[in-house]
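Both complexes shown next keep chain A, but they swap its partner, so chain B is in the first and chain C is in the second.
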Partner chain A sequence: MDLIAFVVDGLLIGFVYGIAAMGLTLIWGVMNVINLSHGPIIALGSFGVYLLFTNLGLNPYLSLVVVAVAGLATGMFIYFVAIQRVINAPHLSTLLATFSVNMIIIGLGTAAFTTTPYTVNFSLGGLSAGPVTVLGTRVVAALAAILVTSALYLFLYRTRLGKFVRAVANNRAAAELMGIPSSRILALSFGLGTMLAAIAGGLIATFFPFTILSGGTYELKSFVISVLGGLGNPLGALAGGLVLGTIEGIIPKYLPTTWVPVLEFLMFIIILLVRPTGLFGAKK
Partner chain B sequence: MNNWRNPGIWLILAAIVLVSLWPVFTQRPATREVIFTVLLSIALASSLNIILGYTGYVSFGHIVFFGLGGYVGLFLMSALGVSLWLAILAGGMAAALLAFLLGKAILRLRGAYFALATIGVNEAMRAFINNFKPFGGPIGISLNFGVYNDYGGATQALWLTYYTLIALTIAGILLSYLVKTSKFGLGLMAVREDEDAAEVMGVITPDAKTWAYVLSAVIPGMVGVLFYFKNGNIEPGDAFRLHFSIELLVMVMLGGFGTVLGPILGAAGYQRLRGFLLTSPLFKDIQLSVAGVLLLVIILFIPAGAVGWLRHRFPVLRKVMP
Partner chain C sequence: MKRISTLILALVLIGSLLLASCAPQPAAPQEPAQPAATEETTSEEPMPAAEVKAVIGFTASQTGSLNVESTRQVNGLNLWMKQVNDAGGVKLSDGSVVKFESKFYDDESNKDRVQELYTRLATEDNANFLISPYSSGLADAAAVIAEQYGKVMITTGAASDSTYMKGYTLVFQAYTPASKYLTGAADLLAATDPSVKKIAIVHENDKFSTDVSTALNEYALAQGYEIVLFEGYDSGTTDFAPFINKIAEAAPEAIMGGGHFQDGSTFAKQLSEKNIDVKFVALLVAPPEPSFAELGAAALGIIGPSQWEPLANFNADAAKAVGMDFYGPSSQEFTDAYKAAYTEDPSYHAAGGYIAGLLLQKAIEQAGSLDPQAVKTALDSVDLLTFFGHIKFDTTAEAHGLQVGHSMVYIQWQGDATNLAKQVVWPQEGATAETVYPLP
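The block that comes next holds the complex of A and B.
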């Protein structure tokens, strides 16, 4: 029966992966940029929660709100400094521009925090249902992920600003002709993507140890998930996150854990080859 | 052939030979180590430039060929007792074979999808070798110290690898130059500008792209064997470090992609800069950030790189800067 426990555990983490991937896929969908600074931002989110919790004693979930706002601001800042000038250039330019942001954050982060692992000393105990026991922090993280996803969809489909974002994603030139300030909308989208990464990082901090470099792993997972769910499709990303989380939960039962990344990346390449639009359809 | 009339390529080769013979005359191992790193970067960056600069496909995981070559070479040397030369050939062939198979599969993907797939290939390879028992799993392969005795002892072997690297670097630069000046290279550059138009004009794009990928993989595979022979051991985490892959992209961008001279200048400049930042007391802790800021400034303001900028600014130079 412990298979169920594995699956539940994987699913719950899958929600958090999904949030991280959603940020990546949103940025791709709206602006056709693969954000290589995604990983360090996830790590910064973890450190944000850590610093607020350890130094100010702020509840991690309250800290998450602060981290989210800071993430939005950081993302918009990054957009205006590093991306705006190259948004229409070939992919290589935006890839390297976001990678240089990655280098800057990791360089400063390593100087400030070194690379020894940090943990947030916070626990909500465990929840038991029959044979399955899960950590309270993971349940709350999954709930938070659902909340964030709903909020994102309400924003995208029920507000005027969200409509603008969708319009720019659909056809930037036409959106501009309709009087939408596309540059500001792009900045907002990048900010939202960064915000999602920071939230994911903050949630991760409540149950895994982290360093400034650990974001890299989640960034790679986000790539896999985004492609799985269809690049540019946020809800697909959440679903992809659940799929990946479940797979990560099940594989260790049958194979040594070290095989997990092999299968993940093989799956990634195969999906890119056979069905580049992902399992749930990509943005057209 | 017309190819050989260009003074630029001879100037480049002469400069490379002069610089790399410097430590031979002074007999100083420290200088040799510095130049070894620079030559290694030049060979890798020039190779990457064939697929990245000429063909316009961003290979993010190019280091996979370097690592695979190293693994195949060291495995042959330690398990079968093969000589270094055969191992280098085998490493190059293994890399070329992987590139050929990958080329058939993932070069169908365009733009960002291809870039993502190459990251996936690198990570999958790393994770797989981590579990692959014949290659030592997570521990990797270590060469028995006795191996160096066949090459006149450890000190002599270091010099030998250095000379071999000079030869491989020159081979890499020549390959890059020949591709660029050939009709085949013209086809690649047509693909870079507009793949559909190139196809209409009679370039068989799937074949051209695959061969460009294979050519860009051979030298990294061979250099990989040499590097890990010198190193004495190879581990999965080291061999397939995505970060090094991206550093290569930075070098190509820094010097100017799509030119023969660009990756050479970029690689030398980047390694010198890195050496400076690592030893400077002011920037030591944040060297990565400083490099990041520099990269950003280049991407934003001189996207054509140093050589591209010069060629654009002084058209006279186009004749001597291939």
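The block that comes next holds the complex of A and C.
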């Protein structure tokens, strides 16, 4: 089979990885917080789509809009409850705070949903072109990822609020002196990061089974991608996602699939050692 | 930046460790569910028989990847316990009556937890007998503890052969062993289309699936098949797309292998979505599960080996016909009782849970005591037909406890996407329908 089939599959999933990583890297970029509750939020996004689709019969892509709004609200809530108080403390405090949120969500999620896998029984069929057959849902997910990235870009670079976010990211003290309400901007940024994670989770639910624990895998991938694309650089994260997805797609052609995580994390360490600003340049 | 990089690296390592340990850690093991107590004594004897409690210890995977299969297995075991207790228990030779109660913990589908918890069951909880957890890996971990503490254990939901090659004397297997798990699929393929030669064997990278696939590989090669791909995938894989591309590249005519429910059903779904051109697909564990039908069109034509099917009607008449003893309920009686108790069709995992209890009951009855050595001797001599099929254990020193009586049945999902039905297609004498071939 042509290499192209492997590349296309990898790229399509890479878009989804990209969105998930964008959420993580945005939060890091704006507030220097490593969000350890990223994984469970991704899983919650999946459950959001599942519940809306299964119980209300809402189209998964319409459900995504609801999930996105809920993600934004959840993120802002988490910020005010768990992060605001420790935002200026050393990294370990915010790490522990987000880790606690992680454990709380997993605990509640396990109680509510158990760890039995859930699937959203939704299909858009397959699209075939020559040697390549791809799933409709994965194509739509990639398109949605592009749409979300564009929207984020427009928000950050074309709106006043986006400018505030960038200002706070660059220099919080100076931004405050200019009259920017940094606390609310930080909450918004955390909300946006959470929203991206929830959207990624929602998209994942349209083609993979999931449990409350499945977010962990995507969280780890998000770390790799964030470093690959440059910490704090949202567009770099999308690019990093595509690189990682492509690698995952191609490796099985030449090596046993069990090599995928080995090579991924090897690459991660090499990037940290050789080019810690990532392939596409980190914040600042 | 360098400090941040170091921090991130450390975090990822910690994250991996946490992920591996499967996040939720219940604060304390759960209390066992108490079986429905039946206090009334229906007997009219002048001297009421002394009642003895026998504790059956086991772990259940209430969380983690084995949750679906394990829950059904425990359901089956609980049904047996309720029935035997409701029926007045088992009478011992000294006239006392044994009633059973269960003691179990959540093993989180985790091998390390299994060893900890079985030690606890054997020492602190003083379990009289043990039933294995679901899956070969976990059962293997539990078997060594059972042997160490001198407890008779019935393993169920566990098909690996290797557990019984370690010189254990108290561990007895209810399932057909892994070495014979998928070989029937190769026989079925040969009987259906002798012209097919190329098979891809793909399997989950765990003990059970690897054992089954390795045995199948040897068997298929001996039958003259060409194995165009033999490869494992990680447990918990959700994205099979690149792997399926690789399978397509190898151009097999048949795909065999699989793993457990989660990965098997995802694999079948993605195979169908990718429109791979193969004639025959036989996967482990997932297809016989009733919920496999939720895949719709993707389930159509998929074949799976099953330890037991409600369709295969084992009863006293069938036993008489082949000159064997029959023990316990018939398939029909078990199926009806299970449906009444859990409002779903029993899968073979559920039947596996029930048979484990039933075998203990038979052995205790025969031994007339709860003494492990007497029960062991009784189990050694078991050779009978049950609702689960023929049961007989290997009694040689090399493979003591290995199941040698039982054999698999192969089911296939037939019909159409909206109206799927399971049919037994192999062995021929038990078949309820012709094999749908090639795949639609």
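Keep in mind that, in the parts below, the second predicted complex is superposed on the first by the 282 of 284 C-alpha atoms of A that agree within 3 Å, B and C clash if a C-alpha of one lies under 4 Å from a C-alpha of the other, contacts with A are read in each partner's own complex, and residues count from 1 in each chain.
Basically, contacts are C-beta pairs under 8 Å (C-beta built on N, C-alpha and C of every residue); 3 or more make two chains touch, one makes a residue touch a chain.
A quick note: this is a predicted structure, and the numbers were derived from the prediction, not measured.
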item	value
Which superposed partner A:13 touches (first chain B, second chain C, both, neither)	second
Residue contacts with chain A in the superposition, chain B compared against chain C	C
Partner chain(s) touched by A:101 [first = chain B, second = chain C, both, neither]	first
Contacts of A:248 with chain B and chain C, given as first, second, both or neither	second
Partner chain(s) touched by A:217 [first = chain B, second = chain C, both, neither]	second
Touched partner set for A:133, first chain B, second chain C, both or neither	second
Contacts of A:121 with chain B and chain C, given as first, second, both or neither	second
First (chain B), second (chain C), both or neither touched by A:276	both
Partner chain(s) touched by A:173 [first = chain B, second = chain C, both, neither]	neither
Chain B versus chain C as contact partner of A:86, first or second or both or neither	first
Where chain A meets both chain C and chain B, residue numbers	34, 91, 95, 102-103, 106-107, 110, 220, 223-224, 227, 231, 256, 258, 261, 265, 268-269, 272, 276
In the complex, chain B residues that touch chain A	52, 56, 58, 60, 105-106, 108-109, 111-113, 115-117, 119-121, 123-124, 126-128, 130-131, 138, 246, 249-250, 253, 257, 285-293, 295-296, 299-300, 303
Complex contacts: residues of chain A adjacent to chain C	1, 5-6, 9-10, 13, 34, 36, 91, 95, 102-103, 106-107, 110, 114-117, 119, 121, 123, 125-126, 128, 133, 135, 138, 208-210, 213-214, 216-217, 219-220, 223-224, 226-227, 231, 248-253, 256-258, 261, 265, 268-269, 272, 276-277, 282
Touching residues on chain A, where the partner in the complex is chain B	28, 32, 34, 81-82, 85-86, 89-93, 95-97, 99-108, 110-111, 220, 223-224, 227, 231, 256, 258-259, 261-262, 264-266, 268-269, 272-273, 276
Complex interface listing, chain C residues touching chain A	1-2, 4-5, 7-9, 11-12, 15-16, 18-19, 22-24, 62-65, 67-68, 205, 231-234, 236-239, 241-243, 245-246, 248-249, 262, 265-266, 273-275, 294, 296
